[in-house]
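Letters A, B, C and D name the chains as they come in the text, with residue numbers starting at 1 for each one.
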Amino acid sequence: MLGNSFGRLFRVTTCGESYGKGEGSGLAVIVDGVPAGLKITEEYIQKELDKRKPGVGKLNSPRLETDKCTIFAGIGQDRITTGAPLGIIIYNVDTQDVHIQQYREYKDIFRPGHATYPFFLKYGEFQDWCGAGRSSGRETVARVAGGAVAKFILEREGIEVIAYTKECMGIIAKDMSFEEIKKNYMRNEINCPDLETGEKMEKKVLEIKEEGDTAGGIIEAIVHNIPPGIGEPVFDKLSATIAHAVCSIGAVKGIEFGAGFNVARMKGSENNDQPYITKEGKIRFKTNNAGGFLGGMSDGEDIIVRVAVKPTPTISIEQTSINMKNMKEKKLKPITRRDPTLLARIYVVVESMMAIAVLDGIYMARAYDAMTKLDEKWLNLKK
Amino acid sequence: MLGNSFGRLFRVTTCGESYGKGEGSGLAVIVDGVPAGLKITEEYIQKELDKRKPGVGKLNSPRLETDKCTIFAGIGQDRITTGAPLGIIIYNVDTQDVHIQQYREYKDIFRPGHATYPFFLKYGEFQDWCGAGRSSGRETVARVAGGAVAKFILEREGIEVIAYTKECMGIIAKDMSFEEIKKNYMRNEINCPDLETGEKMEKKVLEIKEEGDTAGGIIEAIVHNIPPGIGEPVFDKLSATIAHAVCSIGAVKGIEFGAGFNVARMKGSENNDQPYITKEGKIRFKTNNAGGFLGGMSDGEDIIVRVAVKPTPTISIEQTSINMKNMKEKKLKPITRRDPTLLARIYVVVESMMAIAVLDGIYMARAYDAMTKLDEKWLNLKK
Amino acid sequence: MLGNSFGRLFRVTTCGESYGKGEGSGLAVIVDGVPAGLKITEEYIQKELDKRKPGVGKLNSPRLETDKCTIFAGIGQDRITTGAPLGIIIYNVDTQDVHIQQYREYKDIFRPGHATYPFFLKYGEFQDWCGAGRSSGRETVARVAGGAVAKFILEREGIEVIAYTKECMGIIAKDMSFEEIKKNYMRNEINCPDLETGEKMEKKVLEIKEEGDTAGGIIEAIVHNIPPGIGEPVFDKLSATIAHAVCSIGAVKGIEFGAGFNVARMKGSENNDQPYITKEGKIRFKTNNAGGFLGGMSDGEDIIVRVAVKPTPTISIEQTSINMKNMKEKKLKPITRRDPTLLARIYVVVESMMAIAVLDGIYMARAYDAMTKLDEKWLNLKK
Amino acid sequence: MLGNSFGRLFRVTTCGESYGKGEGSGLAVIVDGVPAGLKITEEYIQKELDKRKPGVGKLNSPRLETDKCTIFAGIGQDRITTGAPLGIIIYNVDTQDVHIQQYREYKDIFRPGHATYPFFLKYGEFQDWCGAGRSSGRETVARVAGGAVAKFILEREGIEVIAYTKECMGIIAKDMSFEEIKKNYMRNEINCPDLETGEKMEKKVLEIKEEGDTAGGIIEAIVHNIPPGIGEPVFDKLSATIAHAVCSIGAVKGIEFGAGFNVARMKGSENNDQPYITKEGKIRFKTNNAGGFLGGMSDGEDIIVRVAVKPTPTISIEQTSINMKNMKEKKLKPITRRDPTLLARIYVVVESMMAIAVLDGIYMARAYDAMTKLDEKWLNLKK
């Protein structure tokens, strides 16, 4: 396997699987590019991890995982960051033999909508058949821990990243201000800030759950108060690195910025956002069809991204399948332990990957700026 | 500026702007990861470059550029690749002072929908104000030259990448087989293989052009005959690197895979593609809602991607604007030299970026496979 | 801090410091590019870690660290690698307040020969003043754990990497065959396979230790049985990436290949290694002045590298110093807990970094080979 | 081939070979990380290229190459950098069929001391047999063009990089101050600032040339006026990235820093450089055994590096060799067109690679600093 790192100057590297192999197993993230002098605590990170914790509420899988994090590296004796890379580990708890045994029985069985088939091709019989391995939703624990660090740094500068459920099975939340969304999006299980609509969504999901089925939806993510000029003009546009970050989350089937796919029906005169000068002398825009981007770089408006989330592939309905080892067709029995929708948990993963991509973009923009300007500070450094 | 390279093992690095600064100026791409022994000719690359050439037909900007390419490095005395990186240069031709003078007059003016504002913030008064610099559509010439190399290598293995116009201003092409699309998509100016619908699209675009306005649309791209198992399971899923590649093209406002945003209204039992075994003993799927991906890795079905393309921001209608230097509002006069839609040219850039991302993914998958297996071949190498 | 990863396809990312911050702190390495199906055990890695363990013997610091490793990720239920990145953690044990308190007293004091001054400039008062942080010798624990994985994979293919003491304070080991070196280099504390000379070296070091001083020396490293053709021809020559890897070890002040600095006094006719054909029909060389490299790529002879190791900077003699906070000169008291020479421990770090660089180079060579050749195997994959 | 880029934030990517394939062939470099607003001219770059030009003087190969450079991208209409990557091309001139024909005859012949054997293994019969391809000394033209850009930026900040001949065939230049070296090192053909000794070196080289042989030597490089704190503490120590950069130059067989291999005979109390405070209140050192590094990071003293350069492998003496295609031994005839020593040309390549590595290190240090500090400037950017 390759590609277990993301980011250039703010960089997360992760490892770990969903099921432990005895004592001490877990998921970890090494975070490079952390400033010295920050009081990032385990409590802060835990709060983020708890947002994606299974076993809570009616929309989540009944699986038990405490997901308790430990910062094992990068903080000094006074528990303040030293500038060294942070090491964060989350130990596995659910290592019950009964579940492992179930997985073992099905280890060569193709599971529709899952990564088992490519895993089998790539890693052969040694593929991690237990709990989907690195393609498990549990892999995202390490992303959220890394994302929490990114969020902490962004918050210091007044930049906020939130993601909430915009749509579920055709039920669409009304448009709301950033402040309203922020205030309300954590108040129901499905993370929809339009509380009335959220109630309908939850009802719908529970109906579908009753059928043994699962539900898809759309997450909208907002980056609030980002400065303009972030992103590189060619291959590493901020929009492109955000797309990379977000589409690397399992179950994501699309991403759009601002007006998104609606631009297919818009004229240039409708789509162009007209700029104006604020009373404070800043450039802002009358509309935000661009979703906060010009030429793929931030333009000072909120970044608005919508993400298509497929219904959980694990369903409680019998499916046709294949034994990949003997290449015989085989029925896959209904599976009962599952999330009826991913919306209630994936939002924090979207927040995390957005935060990582945005902070990394900010770092790159500042790097270029600092590295290419001759100012007093650098002249002074030369003592 | 940073981020002028894309790819890990198959890697393009580009430079160059839309307007020349005297004799010898141009755009170039250095392509690393080229096999030895290939007969990649300038003619082959030229054919791809001609697909995006302006000044041809009624849907294109009247700007004159011959875009003639020269391979200046990487081929041996017998004009066969040596394994060394290819160097390809395309000289600038349109260096008429009259156009440069026009740009100079507007150099501090914010152009709605363009990258001028972030450029001004990042590079100050030294920003390349002439013809949009690295954010010009002309920057894609180097991508297409690099993409041509990728396509050449993919074709050797029977893998094809095509992109065509699926939708324009609400007019939607009917569903067609890969073979039909391939046969027809180059037969009209708007690159729509559904020829009847293409005619309607062209008519619509010309009407909009008459208004001084521009039109948006949707490009669909297909990767045909790709082997399963390509892509890394975590951050570098093939879907994620394709999203990065495609969203790095200016004017792209969204990407979706297979059923894409429709998954928001689908149940798991509807969305999961059911596998079966072909007569030849291979695994295939009854549907392709996944767009060719499982866990972000290829599953052997065609990769299907749809890309939202915004209407050309340059319009022949007066717009409000700002002089960024003195921060005063200013009217921007109508601009006459422009593409009424980007659809007729951007498709080949989408093909190119898809080809680069896919080939790079194939290289990574093979690299992992080769590097981790002890076979006869490597043992023999140890002589 | 940046740059906590090394390698391209075989890639280690590390974190962790020498002193713990309470329960659970430690050093970790995430290893990417691990084949599936290997039985890499904690015992195997432990054996390597034990080679650099302090507190053993008269040439080592009396500091107590058990350096026990745990593989917490990347192995399946049957304790065989799955292809996922390995996660290895080594918990800190020596977290006694008495030592931490000592470091706190000296936290703003410049320690000659140590990294404290640049750390202070880079991370300010938040720098990790306790036990030298990421610039501590203890940082190499994670390198050795990662290097153990590389060695395991290399051994599978019959490639061996060893490093031993060639010279110490003017006392030079005689030339010996690879087999003799391998048999004897672990038989004394200073890791010199010429046992008689090793005895003299140890005696010399103990004399210097008595003076409160420390001793420098030269480590020679050999890569045995490496196939020819490894390394990229331009910036990533194998010799260059080995130089990067080895010079990234603290205390290393130089590296040379084969005849090394002696080439300054050699003519071309003396230095050129003449090739011949073996009975088995392979190309070998009559001499190995090149140290196993042609054009920076391996040529099939053993790779021979010599590494200059400075005397431990921590000495038991009073030194002038500076309080960096108030910029006043200050005497630094003799420090008693130290290694009288680094030679007895650093050799395994050299082995580790060599193994990582060599394996990564082999991976890259195979990657290029696999990715650029159309063979049966890949054609079959396209089912 | 892979690995044709060097650097992280200041990054050069090169292509091109020693022999042209008809009109328009050449060597090029794309330089990423260039500040906007610089007046880097072709004349400035040309001056550096001329330092390595063959065909000048008695110590150089008689080969004719004008090495005239063209900046084809990255500068604006006013010939000032725009922040976009620079593209620099140097066209091939010596494309005479007579030389190509000579190379063709010998294309399968192993040339002792050259890269032909690994090239044959890696690229097979398609390897660039003409003029050594990417392993030719001519490949360094592109490095020098990229290095010129790095030097230009460093000079702006008062940082100078020079490299000169310290030793040749046992004849050693006396120690001199930076100012004296700078004043004199370009005043003789062998680039030795100790003019009297330089005369002896040149005489020695000419004697050896008469024998049909070639001479090795040592280049010393100095980075003057570099600020302290440059380099990352772990894998990307400045010393390590300089080692990578310099050892990637063909013919380099070793590198040492400051006291270098002499540390093998030094005690800690001798080797440690003692710090003091200057009248201006800065930290400096009484000695510079460390060669300007503490913990691999710059300490404010001049960086001192010595580089072992092997004698030119091409000699005018018959050598044994092998036809790699039919694996038969074969005599290699004396070759007359060659450099009797590389010292007279390689120094500028060392300067270039040092400049690139140092500037890239400075960029990384500033990047980390800028990206991790909350200052007024960034708060103001958020308008």
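The rule is short, and it goes like this: a residue touches a chain if its C-beta (ideal position, glycine included) is under 8 Å from a C-beta of that chain, and two chains touch if they have at least 3 such contacts.
Source: prediction; values computed, not measured.
On residue numbers, the A-D interface is repeated by B-C, which shares over half of its contact pairs, out of the options C-D, B-D or B-C. Taking the mean of C-alpha positions as each chain's centre, the chain lying farthest from the centre of chain B is C.
Centroids built from CA atoms put chain C at 44 Å from chain B. Centroids built from CA atoms put chain C at 37 Å from chain A. If you average the CA atoms of chain A and of chain B, the two centres end up 26 Å from each other. Residues of chain D in contact with at least two other chains: 1-5, 9, 14, 33-34, 36, 83, 121-122, 133-134, 228-229, 281, 283, 367-369, 381. Residues 1-6, 14, 110, 112-119, 121-122, 133-135, 139, 167-170, 208, 211, 213-218, 228-229, 231-237, 239-248, 250, 252-277, 281, 283, 290-291, 294-299, 306, 308-315, 317, 319-322, 324, 327-329, 364-365, 367-369 of chain C are the ones that touch chain D when the two sit in their complex. Against chain B, in their complex, chain D makes its touches with residues 1-5, 9, 11, 13-17, 19, 21, 24-28, 30, 32-34, 36-37, 70, 72-77, 79-87, 89, 91, 100, 104, 121-130, 133-134, 381. Residues of chain B touching chain C in their complex: 9-10, 33-36, 83, 156-158, 225-229, 280-283, 300, 362-363, 366-374, 378-379, 381-383.
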